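Think of it as A, B, C and D in the order they're written, each chain with its own count starting at 1.
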Amino acid sequence: MSSNTFGKLFAVTTFGESHGPAIGCVIDGCPPGITIAPEDFAHDLSRRATGKSRWTSQRREADVVEILSGVYQGKTTGTPVALLIRNTDARSRDYADIAETFRPGHADYTYWQKYGIRDPRGGGRASARETTMRVAAAVIAKRWLKEKFGIGVRGWLAQMDDIAPDLPAGAGIDFDVVESNPFFWPVAAQVPELEGRVNALRKAGDSCGARVDVVATGVPPGWGEPVYGKLDAEFASALMSINAVKGVEIGAGFASVSQKGSEHRDEMRLDGFASNHAGGILGGISSGQDILVSIALKPTSSIMLPGRSVNTAGDEVEVRTKGRHDPCVGIRATPIAEAMVALVLMDQALRHRAQCGDVGEVKPRIGRRQS
Amino acid sequence: MSSNTFGKLFAVTTFGESHGPAIGCVIDGCPPGITIAPEDFAHDLSRRATGKSRWTSQRREADVVEILSGVYQGKTTGTPVALLIRNTDARSRDYADIAETFRPGHADYTYWQKYGIRDPRGGGRASARETTMRVAAAVIAKRWLKEKFGIGVRGWLAQMDDIAPDLPAGAGIDFDVVESNPFFWPVAAQVPELEGRVNALRKAGDSCGARVDVVATGVPPGWGEPVYGKLDAEFASALMSINAVKGVEIGAGFASVSQKGSEHRDEMRLDGFASNHAGGILGGISSGQDILVSIALKPTSSIMLPGRSVNTAGDEVEVRTKGRHDPCVGIRATPIAEAMVALVLMDQALRHRAQCGDVGEVKPRIGRRQS
Amino acid sequence: MSSNTFGKLFAVTTFGESHGPAIGCVIDGCPPGITIAPEDFAHDLSRRATGKSRWTSQRREADVVEILSGVYQGKTTGTPVALLIRNTDARSRDYADIAETFRPGHADYTYWQKYGIRDPRGGGRASARETTMRVAAAVIAKRWLKEKFGIGVRGWLAQMDDIAPDLPAGAGIDFDVVESNPFFWPVAAQVPELEGRVNALRKAGDSCGARVDVVATGVPPGWGEPVYGKLDAEFASALMSINAVKGVEIGAGFASVSQKGSEHRDEMRLDGFASNHAGGILGGISSGQDILVSIALKPTSSIMLPGRSVNTAGDEVEVRTKGRHDPCVGIRATPIAEAMVALVLMDQALRHRAQCGDVGEVKPRIGRRQS
Amino acid sequence: MSSNTFGKLFAVTTFGESHGPAIGCVIDGCPPGITIAPEDFAHDLSRRATGKSRWTSQRREADVVEILSGVYQGKTTGTPVALLIRNTDARSRDYADIAETFRPGHADYTYWQKYGIRDPRGGGRASARETTMRVAAAVIAKRWLKEKFGIGVRGWLAQMDDIAPDLPAGAGIDFDVVESNPFFWPVAAQVPELEGRVNALRKAGDSCGARVDVVATGVPPGWGEPVYGKLDAEFASALMSINAVKGVEIGAGFASVSQKGSEHRDEMRLDGFASNHAGGILGGISSGQDILVSIALKPTSSIMLPGRSVNTAGDEVEVRTKGRHDPCVGIRATPIAEAMVALVLMDQALRHRAQCGDVGEVKPRIGRRQS
């Protein structure tokens, strides 16, 4: 219910500011018996981390996870799992001169209007630093989904600025390629072009937007709760809650607008669906096909090019953002988007089990010819 | 919490199937003292209704609202407001022959997989008939938002198939035009073209998709709850929960992907923001600008053109949808999208008041030069 | 979440005022496949109803249940089950002269302070008429608990005024006796004494309090969610929410205060617990023993003896309650208390299944020698 | 919603095991602008702490609070306030030999049945150590309630074993006396008797129960949400969720059973209520009178006297609890009960403000002659 909690049954409450002493989360409702150790978080946290390449912010955080509760002898016990990460590379002095200024495109003005007070250091609670704990919590969700159902959740950068992956129509994504470059880009040959674009933006003091796609494979049919807790509605909320996201699509998304019904509706055969414009969801419930979601991320607002704004004193001022920033926030968004998809699936799995039980599948379940 | 309830504090629980005896809703948490009468629902329900023109389904429902509770001497009392509408034009015989068949693009298969049982009459709970109660509940929300804050929530059809409004760049929407045609289209001269397109689709036994835009004006800065209850996250969830919606955008939406930071970030001056790519939301909190949201609706899946599918017996079958259907579900989606935007705003208004009080605005609040 | 909704997963939202057109409820999260028909509600509603004997209020309501949704071909479908009962014997004229007066011991003054408006007819929303829908919703819960787990939930009047059941120490309750008299009293020979007491109170224009005990048998070990969703905490909330309840006990209850640890703690043997001071709950989780809860109900405030009060004009006035009232509200409280116990168990069953699955019991489960 | 979260709007999520590395909480929904510093928690935490006198467990925890988030320059910012306390005096070796044994009267058996796994060190999550964070969170609630409304929440030990305070009928509580002895006892002259009783129990290897009373003064009329979120229902849930509590009373509580209506109903005059059997709550809403709640606490189950039980291997065993335990858990329960009352009031204050606004009081509000 509270706004810093995600999920109804697998409920993840996050806390912490960008430059406060620590960030953390509490996972309530976690099934007992899941094997988890502090080092299990390292892989995904590293994928999200800054400071690893020239293409992202240079802030370097160790992101060491301490498990404070809910795990005994290496297994979850069913009680709240609390995770803590100390902030170690916060440079609040970078923000001293903007404490009274509202940076354009940031939450400075709106937090101040809402609360009458704000923590200006590094964006405070509005910083993408918060997403670290989403990724951490999702490590547990991903593991459970994989072990219990064979579900996989994978994402990639599907557009950066006006650059799209140079892939043949209908080609699958090679995730080895995606994981081999800091852009999560599915075509290795294009990486130099991406590097060039980021360098050019940096030089110009500017930034660009991006699109991230995520696919969830192996999701059983029947997950999702009509009508306001629809699976796609929860993906939309989860993904739109990520910093800088301005749009969410399921399956064909906005392309549906100019489709015909005879084209969009996915015909069914005994060996599976004939297409997947629905993105694996019908009536808010998973169909057993691959689940396909996409997000649009706006260009970073923190850029060197000066911008006009106002301050708390009521003066018009010019803002030129210093500090360490990403030229394209979308580059690191892939693991975050994956995390939110995994958290939604985990929560819906428990909700489905609550209402409908684990009584096995309804027959006939159609095949997986194409998804 | 429950999945047929929308909103945390202004909590709307809907019930009812397309061809059951009735549909209804219970609004809990409604502020006391709001003037409301059964006839106040007629205008918006009529905008959403089928059977009024040749361009929508021919089902004709009177949609007479009975107020069962929560109103005394014409005013809300603070106790649950229950609204009831009897279904009067349900023709379940239309669906007898598809009780065992899964229509492509529909929720038939997924409901059956989830629950092991489904009400096949008119799509049961998955029918857009359910959205009637969203519109009804939003009548109360719209009134309160208008009377207390001067907020207006208005939508229009922004694309149908490949037809876009023929408006000069930067032109505003003339809502008198929007309300003067059954398409909610903002350019009167194009209405014959829309009619022609729908006629052609009907003749071909096919359907098309659509895009709906909604603007909320007059929303004070400060509404929205970071980080998972962000205003845009809740719009995303609310809008994606509408039948047939496959995408949601806030402000610039997917166009942000190929924007530069220097273009997207909205500069601020004392007389207002210089642009509104953000769509009136920064960091999940309203900025005081107009709120701009858009949705993509898929083409109707119920079409006369035959499609391949399977049935509960495990046979491959051919489906040819009979019954009364919309050739473009997006045509009637405008009042539904408005309703969901209003419900989100109402709920967030109460949530903001709970945490931050009614203590007045923080200064300086910048102007409204452009929104 | 909303205050007129009970339960997190088996979520019952009730609505309606004592003298409004109808009362009703919406049950969301109901498991699919439960057989239910309108006539199944009659038995428990009749047990709760007024007007059946001289010992309760003379208001006579038919309490005919209409199922508006969520049931198809006699079975629940997993979508919201809406139940409606029309009020037919409301006599609002009885209340005209108290619309401006706050009756002592009633919610008149507090509703008015909270909302600034109140429906004075029959107590409006604060009337025990609301509990009708709790009993109706619990009919479904009781059926599921019985069929799936063999759970039984039974209550009886355990004290009325200063009259206690004349039972030998350790004697069990004979529910045939309980159901054979309108007091739900477990000792048939005492019924004339109860009748005499009620007659004397009526003659004196006064009323008395009561105590109701409820036992739930067959509850598996492991239900309940520490730490704030403890099984006993939820019973406490559920039972205290019943009109007129002023106290709740689990197991030994207030007698624990003067017990020793060596006496209170229930020793365990392989064939079962040696005693049940805990009332079947340890650490907020069911132990597999019988669950024992008790409530105290205050004497009816609506009595013929005049009382001093104030009115909305700010005058001191004398109030003499007319209308049709129970001389002891506790007499009809037994089915209501049972209902709330059943609703808590149903909700916790689903919550347990969500987190821990249906994977079978942990061994060894100790026996049921004594509970 | 999640079970380790208390409150809907002032939502306190606690985590941590008795002998884990730390305990903590996250407070979401906290109003901005509340002044708070780490040292502000010391007073109430010290009142709850063990190891301060001979009459409680000898475990000595420093209970140093670290504020991890949500506070900037000494004031709450409206974002989640996370509090952390490291465990420093955990002696898990005390529990090694009971890891496989279910202690009678404890949650050992039920946690194991529920989760199939449990942390046996010091009772794990079921330990009263968890209540530390309730007291910490309530420090903020108490401050806000005091500063904004003048509300005070005070408790005392109202019975220990069969010893009741030797106070004249109708006498008020002298809280200077209550705070001057480790029993929170309101009669100084009886403290030696209490000491003697505890010494005798220790010598006998036994324990006893207790009763704690709490009064909240200054609560405005109008707080509380009918019908399932009634103020008294929430007190019942909050207090029953405290370890060892077996009963809750509001106002006259179980004494209501043998009262007459003419006695129980509190008459109203312009200068106030004539009595307070209701305990300050009518129809689930505060009346403006003092709020009076009482709880029964069972005797400590961890005693030196051997008890019969079973173990995970399915053997019958004899258990003799070692470790450091309270001879009467009720002695330290006073600040915990106060904390839960304060948390309920804080949450209901925000909920009332959400629905009904801060628009000021309804007239006439009757006086405070007697409460």
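To be clear about the criterion, a contact is a pair of C-beta atoms (placed from the backbone, for glycine too) under 8 Å apart; a residue touches a chain by one contact, two chains touch by 3 or more.
A quick note: this is a predicted structure, and the numbers were derived from the prediction, not measured.
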Suppose chain centres are the mean of their C-alpha atoms. Which chain sits farthest from chain C?
A
Tell me which of B-C and A-C has more C-beta pairs in contact.
B-C
Given that chain A and chain B are copies of one sequence and touch, is their interface built from the same residue numbers on both sides (over half shared) or different ones?
same
In whole angstrom, the CA-centroid distance of chain B from chain C equals 39
With chain centres taken as the means of their Cα atoms, state the distance from chain A to chain B in Å.
26
Between chain A and chain C, what is the separation of their C-alpha centroids in Å?
45
Where chain C touches two or more other chains at once, the residues are 1, 3-5, 8-9, 14, 29, 32, 78-79, 111, 114-116, 125, 226, 351, 356
Residue numbers on chain A that touch chain D, as the complex places them
1-5, 8-9, 11, 13-17, 20-24, 26, 28-29, 32-33, 66, 68-70, 72, 75, 77-82, 84, 111, 114-119, 124-125
Going by the contact rule set out above, which residues of chain B touch chain A in the complex?
1, 3-6, 8, 14, 102, 104-107, 109-116, 125-126, 130, 159, 161-162, 201, 206-211, 221-230, 232-241, 243, 245-270, 274, 277-279, 281-288, 296-303, 305, 307-310, 312, 314, 316, 330, 351-352, 356, 361-366
Which stretch or stretches of chain A touch chain C in the complex?
1, 9, 29-32, 78-79, 226, 350-351, 353-359
